[in-house]
């Protein structure tokens, strides 16, 4: 029994496939600032010279006038992972990562990520790279009607993961997410016991999330250990959702 | 491709049309306190003499015993705009404006507005006026599956807009809302650059909203300037949503 | 006109009925920690010896290593009521009650409750009892497309109600919930005026909820008075929802 949420997301993926992210979509839009759109109702925009008073209200560092901004209805960690690759590859800084309580009626978050650069072409490039990596980073998100689990792994965390989750720069970093929240706690416990990793953040509905129905941990350590922990968390998370009579499916194609 | 949210809202409008707001609906209800219902699952009630201990827990000013209260599942700004007209036309005060993270799975807010008066008939009248104005104030809300945009303009802000958004009383006032949030930021930037307006508030998922997936700005200034800014924000907001492959539609009939 | 939310919940109940809570469901799951699942996408798990570092991040009392954890997508108060019965019947403590903004697009909360015990079998037993009581405690939740109301009554509140709502231990305790929020306020007013009860907590979208679209009050007093207040609140709440053109239905079977 597939969930409506899942169907919506799958539809959105199929839309994205017929219209490659960051390319065809853009051709249909006559707004200069529009960079592209992607899975999870993601939209990427650039503003070459942000209005001065708006800039001030947003409490951004005055030196950044060119920004790239990406928002999604569904997806927090996949977007941060993709932003991490974007910031590694471009001359930009991550100035803000915000989550919201969304997923179109699902249990989790949407996100808004702002890149800044002196030259707008760098922000544009960062948004393009984020959109390009999105589909892959949704691969280890498994959805079903009752909830979802997510696994994320990188061998070298960079500034986006640092901004969003205080990841130590340059070290292997893992994220486990489970919804309803109890699923996430068991995944967290298994991740911590599987290998020698250091917990970095713990978030639950009341603390560290936007009242989402998730328990999320992040951890760093040796790359082999982080990867092993993430894999073990995936297996227990999928097992619990199946125990609830669900059939969780990858939203695109699993990487791990 | 119409969204489910949109369909729900449209259904709700049609319901409202066959049963005129604040009139027929009321006839079917034998609860004295029931004033009427409206678009966006809005309900309007009055309480002639609010319970003393409840009053205290709500931290309302003790002088107000008669209250009118309106809540909606979908719609924050349209309700505040309607309340603003109600407060101008009646002998009531706005004692509380609260938003919630709702819209039935959409990206935005629902709202709860409390009027107070010495005489309950004033509160009742305020609730009736709010309900009557609601449909018009939903006219510049454009919805689609991926998100929505909203535009609001008044030539003279009053106490409801002041309570909710710190609007300077008596001056022209505009509101722009975009979801997913990035859409709202571009609208904000365009609004600020289009005419000589003063930004009053800035709200994003993490600050000033209920973790909704919106960026919202409000601004005041000369009435021509405010109107021009709102119109320019509308055009860029619709353009971005169309760039995402969406077909945003007014929830009722555009006014601007 | 049944709501989608209602249908989802009803589907979930029917699923639960064909697979008795905490029994058959468990047989299909090979995860040791899985205790069972139930209505409202509820899942119950135990962890015999919670990881030390995770324990620390969760700020749990170090003496508790064995925990039982229950999360739901739909249902806050029904889970707290069920946990209250579980804690009365077992040698466990309630260490945490968290709510989240969920109900799969509805107006209310999901919840996460953690029991702790020295022996894991006690936590397991508590989770089982919670799951067993859930269906009954959903009986006085009435749902419809526009919102919902909830009534809860116990003759003797225990530690779960105390943790979640500061209920005086051992005294009769009542909860009224209405969504959209205005419905809840009228229910609260009627409850307070009906009998001699003492208000314990008041929660609205902006204060004391997770930005849900509800007004919730809790009260204690003589058991007859509490029961009478709850019943009067039910009648006015159902009346208002019907006034909105809705047909609110019990999610299972009314107890009151």
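Residue numbering begins at 1 within each chain, and the chains themselves are lettered A, B and C in the order written.
As a convention for this text, contacts are C-beta pairs under 8 Å (C-beta built on N, C-alpha and C of every residue); 3 or more make two chains touch, one makes a residue touch a chain.
In UniProt terms, the chains line up like this: A, B, C = Microcompartment protein PduB.
The shown structure was predicted, so the numbers you read here are calculated from the model rather than taken from an experiment.
Q: What's the rotation angle, in degrees and to the nearest 5, for a C-alpha fit of chain A onto chain C?
A: It works out to 120 degrees.
Q: Interface overlap for chain B and chain C, more than half of numbers shared or less than half: same or different?
A: different
Q: Provide the C-alpha centroid distance between chain B and chain C, rounded to the nearest whole angstrom.
A: Roughly 31 Å separates the two chain centres.
Q: Would you give the residues of chain C that are in contact with at least 2 other chains, written as numbers and ranges?
A: Each of 101, 104-105, 210-211 in chain C touches at least two other chains.
Q: Within the complex, which stretch of chain B touches chain A?
A: Interface residues on chain B, with respect to chain A: 101, 104-107, 145-147, 180-183, 185-186, 188-189, 192-193, 198-199, 201-202, 204-206, 209-213, 215, 217, 236, 239-240, 242-245.
Q: Can you list the residues on chain C that touch chain A in the complex?
A: Interface residues on chain C, with respect to chain A: 8, 15, 19, 25-26, 28-31, 33-34, 37, 41-45, 47, 50-51, 53-54, 57-58, 69-73, 98-102, 104-105, 110, 112, 210-211.
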